[in-house]
Amino acid sequence: MGNGLKVAVIGGGSSYTPELIEGFIQRHESFPVSKIVLVDIPEGRHKLAIVGALAQRMVEKSGLPISIELTLDRRAALEGADFVSTQMRVGQLEARGWDESIPVKYGMLGQETTGAGGMMKALRTIPVLLDICKDMEELCPDAWLLNFTNPAGMVTEAILNHSRIRSIGLCNSPIAAYKWLSSLYNVPIDRIYCEFAGLNHLHWISRIEIDGESKLEELLDRQSSYSASNVPQLAWNDTLMRELGAIPSYYLKYFYLHREMVEEGKAAAARGENRAATVKRLEEELFEIYKQPELAEKPKQLEQRGGAYYSEAAVKLMHSIYNNTGDIQTLNVRNGGTLDFLPDDAAIEVNCVVTSEGASPVHVKRVPEGTKGLIHAVKTYESLAIEAAITGSKEKALLALASHPLTDSANVAEALLEEMLERNKAYLPRFFKV
Amino acid sequence: MGNGLKVAVIGGGSSYTPELIEGFIQRHESFPVSKIVLVDIPEGRHKLAIVGALAQRMVEKSGLPISIELTLDRRAALEGADFVSTQMRVGQLEARGWDESIPVKYGMLGQETTGAGGMMKALRTIPVLLDICKDMEELCPDAWLLNFTNPAGMVTEAILNHSRIRSIGLCNSPIAAYKWLSSLYNVPIDRIYCEFAGLNHLHWISRIEIDGESKLEELLDRQSSYSASNVPQLAWNDTLMRELGAIPSYYLKYFYLHREMVEEGKAAAARGENRAATVKRLEEELFEIYKQPELAEKPKQLEQRGGAYYSEAAVKLMHSIYNNTGDIQTLNVRNGGTLDFLPDDAAIEVNCVVTSEGASPVHVKRVPEGTKGLIHAVKTYESLAIEAAITGSKEKALLALASHPLTDSANVAEALLEEMLERNKAYLPRFFKV
Amino acid sequence: MGNGLKVAVIGGGSSYTPELIEGFIQRHESFPVSKIVLVDIPEGRHKLAIVGALAQRMVEKSGLPISIELTLDRRAALEGADFVSTQMRVGQLEARGWDESIPVKYGMLGQETTGAGGMMKALRTIPVLLDICKDMEELCPDAWLLNFTNPAGMVTEAILNHSRIRSIGLCNSPIAAYKWLSSLYNVPIDRIYCEFAGLNHLHWISRIEIDGESKLEELLDRQSSYSASNVPQLAWNDTLMRELGAIPSYYLKYFYLHREMVEEGKAAAARGENRAATVKRLEEELFEIYKQPELAEKPKQLEQRGGAYYSEAAVKLMHSIYNNTGDIQTLNVRNGGTLDFLPDDAAIEVNCVVTSEGASPVHVKRVPEGTKGLIHAVKTYESLAIEAAITGSKEKALLALASHPLTDSANVAEALLEEMLERNKAYLPRFFKV
Amino acid sequence: MGNGLKVAVIGGGSSYTPELIEGFIQRHESFPVSKIVLVDIPEGRHKLAIVGALAQRMVEKSGLPISIELTLDRRAALEGADFVSTQMRVGQLEARGWDESIPVKYGMLGQETTGAGGMMKALRTIPVLLDICKDMEELCPDAWLLNFTNPAGMVTEAILNHSRIRSIGLCNSPIAAYKWLSSLYNVPIDRIYCEFAGLNHLHWISRIEIDGESKLEELLDRQSSYSASNVPQLAWNDTLMRELGAIPSYYLKYFYLHREMVEEGKAAAARGENRAATVKRLEEELFEIYKQPELAEKPKQLEQRGGAYYSEAAVKLMHSIYNNTGDIQTLNVRNGGTLDFLPDDAAIEVNCVVTSEGASPVHVKRVPEGTKGLIHAVKTYESLAIEAAITGSKEKALLALASHPLTDSANVAEALLEEMLERNKAYLPRFFKV
């Protein structure tokens, strides 16, 4: 890598982009980006123009020698890139709406990263990511691909096993856990050490230390937990929590409190609520703010979006790879024996040491006994769904869905799948070959 | 082992005992049993007398030098035994009724070998079996313990890890699969080869060959499957079945068709049906037949009971151990790396070579990809429940139940558990210490 | 497979062939071979004619409907075959002479199946076997390849990983162990059970039972052991033997008594002795006997050859595959987790269940702790040497040789390798590309 | 841990102690040691007094609030300690002389950390270390034991498996590798990243990066390598080195150039040379310097001792544990699946992340294929030797020695062992029970 680094941001018109730009500006001294290309699809042209203009103003204000380019030509964006980050939504918010609403009609969970909705998102997204990788193999074969497109674990596993591109998956929730602890104990993050074990959106924090002293017991006792605005705020079961001996990701409420979550989903549907629509409105408000010509920094309102810290995680990771820092980050990487009950080529989410060779998992001291079966069950679903996404096999998709721990009937799953595939037809060319 | 073998049958007053006696008579030449002790608890005294008298008549008719003894003194029965078999029901049919009815009130499956009901049965049964093992360590330390007390996989795992007694768990369903195939293709069993992989009541048959030719594909296509009278007769989902690429145990309907099974259970409860009561009536009818003084053989009606072939499996296994035959049987044994994603000390149900050293698992050629997660999820539940049974920890029992794939809410599980523990109080001394 | 089975015997002019023919005749009822094709290379034409004529007389005497064909056309021999067996020596006895004599000059062991000599044999042989497999993929893709060409473990591993042909490797030494025990205890073989663990020519027998009773302790104490005429008859170290807790293959004397073996080799060389020449003379004597026109059965003298029982093992294996017997044989097969410290795709020598799908390893109850390191060290050498054989890389061959536990200097190994490669030039086209 | 840390140094009279003291002084701000107790055995009273006085002068010069105590009472030294470090030599230099000279008489390698000599050192040392651990369990159960007593890997494995004390083993050679690279490329150490894989004194460096760029290829080509004054300076075999694809520890010359090393040992013995005597003389010279009353710092001459950087490694490790730094160090720790072909409870030497919970191994990206067999072979020897040390079994010791890759005859090993045990009688109470 030279000193003038080129970064391509796929899905550059995303509302998260200003955070990314802020990160590049703040770390410029040790991570000298000289060119940032924001690329999007034609349907995102309008948002790209707004975000691009804000990015331009931010860079200008910083006085740094960084150029911002906007384009709809993905191949031009990738050519010669050192880092590529992806933050996209195939089918946009409309498709998210289907993921969240259709399962509810069948008495199942409607959620965009797990269950039937999560699978549909994977089926739409994985082929697009693999296309990007194919372009990268030709245009920037040594670049790093940082993926934070959801479902991030599955997308990463697909890339690791079906492409030669070096890729790491990341998520904002590990950083969110650190922020939560930092605020709870009023200590800076660098005095906190957490050990994560599991998969993306399915991890447990099995060790929490501040200045080397364990805080896990008291955290389990006082029933505090980290949470996020995009997951319904149900209380955990206290007995379970203490016996589990680890802090579960807030996404695990979909599993341990499945019945309540399904009821919540039905009730919300009955009230006419719609998370996709809410997000859409929030985004439109953000873009109104971005348009203000005097704005030249990341606006505060961005943090209230569910995905806060995503970009912070991404810039931190690029910085560590570039500088061979050897620091520890929680990432989605190839298992390679770290969780010895999962296949070597599965993607897992664990603490890793980051060097210029990428991310190496750190030995996990303790995987709570009660978590292994659930991790494995979800991983079986994930691997089958990836295979379905690549082959376009409806039968494989049914097997994946029927193997998901939140599916309670193969017959219902088959009917639901039929409707969802049909609805998503435009985004599933491998399933509807001519 | 000498030539006059002693076999102790714990739960000897069971309606299955005549089948066992028949097996000993038929194989007497190569498996020379000279003394059979039937032992039962005081509450079973009446049934023991009836069954014992029938056994006595059967032996007399055979003209073989076998003595039958009846006793309520377990230690006397065990002393110097070469083989011990167990077929008991702690809490008798009344407790089975609780296992089947209480979960239904909470919207969950009521079944005696899996889910909440299966866990309660394990909590009642495991300490009793470990007590028997403790007696055996003193009175017949080299004897083999053949366990067909349900949940057979969990009970076997508990014994393997908490006792020095050599033990093997067995179930009638592998033999039932062979009988099904033998009848379907009209060929004798010794021309059929099946490969089983999984856990007790949670296996898949991944290879089926007759005279070395695979029949799996056509069996998956023609939607035939083996079944049992004690599992509701729902049709499988055809697409799933074909894609799975293996014949699932009929117990797997509780998983793949969970919603339908729960509905069925609610409907049956609404109709006032009760499987435990049905079984009780069947047993009473059998005992009426057993009482007939002219009866001196196993009556045909016994085969209609759910547990047909149990005793056949047990006698066959004792025979192979005694004769060091090296034949293959499907048994519940220590994993030891055979299913590489499960702990070494987990009990699994696979094909084994039986010699005088016991049962050694045969390498499993193919574990269908879609099954691993589910196997692991149930194993996690099983291991936690065993720990709960041994420690008497209510919290551990909740963690076990909340980790079961058929539990959809930790909160509901907690309420249900509370009621079930209370109801089973008399049989759970470790949970209700004074 | 139809009822008229075709077997192709590559290296059909071998002195072992009459044993094979005898086996086919004896088992004809349950293993109905109708055509046996003996194929050899032009240099073996003369021996092929002699052996072929004897085979013809043996078949005639039996009165069975078996035809014997002789050919130098390997492709014709393979076409439509059901089983293929190989028993060849690339470079014939001359090359064996090099394997045995050159290392001695460098102060190293001269032996044809391990160390430098064994590696050279592997380098000559593996490419020829892979060529045969390529022909088979075209001409008889469903045939079974039974390999007893040495080094049998390495050749088998090469085939398993570089060909689609189904292949099993076998050796006479497991059968020799059973014969030894049968004679020692005067009991028929079917009452004996041995558990083997390790690699070809590097196994340990960790369990020995007669009628289910362990004989291991007394065998270790009385210092008896099985042996073979082709391995120098040095006494074992008694203390080591008892502490090892398993009966080692006689080939392990090359490891545990390496210094003595090297001295023996030097002394024999000084006396002008030469194992290859001795074998040559023995073979010539055998062929004189084979020529006798009145001879129509396997002559007794054949058993005195080092490789006695090889063909017995091969016919038994073919018979079990054809009849889907499910019996146990000790074979060289894919590891697949059976020895959990070796790669999955390594060939190992263990007890297997034989069915029409081939050979499935049986779980090994006990791998003596003291053996794992040595097994792994030799396997590392084997895998590297296979890679060298396939790529023709001199550097890889040096790494393989330097990694062999019997090599005590990388520098000496390099000089020795240089001379051996040069001498074997005619048989190493991959190392000497034009 | 409070702010006034207590460190106990067992073998405090060692010539290395001034380096340790220097380390505590330099890092005092972030690692606030308030009390250092130097403890030694009565035979070391004289050296302890000299070193202790120097330590006292060093501390005084620093002006820091650190107290130095000298004692012969080990229990008093341990009481309430936060960290314990050990640097001892059971049997002192006289025993080292035996380790180095006796094997040579039998045609074997005489070396104090591997082969027969290394095993004798392990047999003498392990019981003493386990005694220290027993005291610690009583007197300072939460203290960390940092072991740099050789053979460090074996001693660490013994402690990890036979004591509840938290312990980490360390060696100076990983730091020596960094120093070598730093000097070769003229860059500070923090810009260098090395990945180590293997065991203590048996590691390979499989990745070397400076500023994230790999230097491995050029280092293998230019035949430079890191070395140490205590290992004979033989040149590596260049072909092997390149093909190995990793930089081996200089101790690996004992394996890859075994014949040359044995010859070297014989020649040195013939010349009357004696490494133990040389070390003794060097030590005496050092102590003369230490006595100088004006000396109040670590003298330069100390670095020329073979064990340079040992204490630097120890202080760095204590500092990281205390401060929960999460940095990477190369240490001897429990395997736990990191090298998947070794037992979980084996000690291995790999990169670890150090936090206040101790050292967690980092996933090893690449274990060169050619190294696994050798690593496993030495580990088999190590585990057997540890068992021999603990049980005092001569037979187990023979099995260990005969399983060592550098032993070429079980018979010779038995004779050699007999002599060595006899000579070491005073230090082997478990082998010579009354």
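As written, the chains take the letters A, B, C and D, and residue 1 is the first residue of each chain.
Convention: a contact is a pair of C-beta atoms (placed from the backbone, for glycine too) under 8 Å apart; a residue touches a chain by one contact, two chains touch by 3 or more.
For each chain, UniProt lists the protein as follows: A, B, C, D = 6-phospho-beta-glucosidase.
Remember, it's a predicted structure, so these values are computed and weren't measured experimentally.
Could you name all chains that are in contact with subunit A and with subunit B at the same time?
Chains touching both subunit A and subunit B: none.
Suppose each chain is reduced to the average of its Cα coordinates; what separation in Å results between subunit B and subunit C?
45
In whole angstrom, how far does the Cα centroid of subunit B sit from the Cα centroid of subunit D?
Centres of subunit B and subunit D (C-alpha means) sit 55 Å apart.
Specify, in ascending order, the residues of subunit B that touch 2 or more different other chains.
Within subunit B, no residue touches at least two other chains.
Have a look at which chains touch which and call the overall pattern line, ring, star, complete or other.
Graph shape here is a ring: one loop, exactly two partners per chain.
What residues on subunit C touch subunit D, complex-wise?
Within the complex, subunit C contacts subunit D at residues 107, 237, 239-240, 242-244, 256-260, 262, 341-342, 369-374, 376-381, 383-384, 395-396, 398-400, 402-403, 405, 408-412, 414.
Can you list the subunit C residues touching subunit B in their complex?
191, 193, 207, 209, 211-213, 321-324, 326-328, 336-338, 340, 351, 353, 355-357, 360-365
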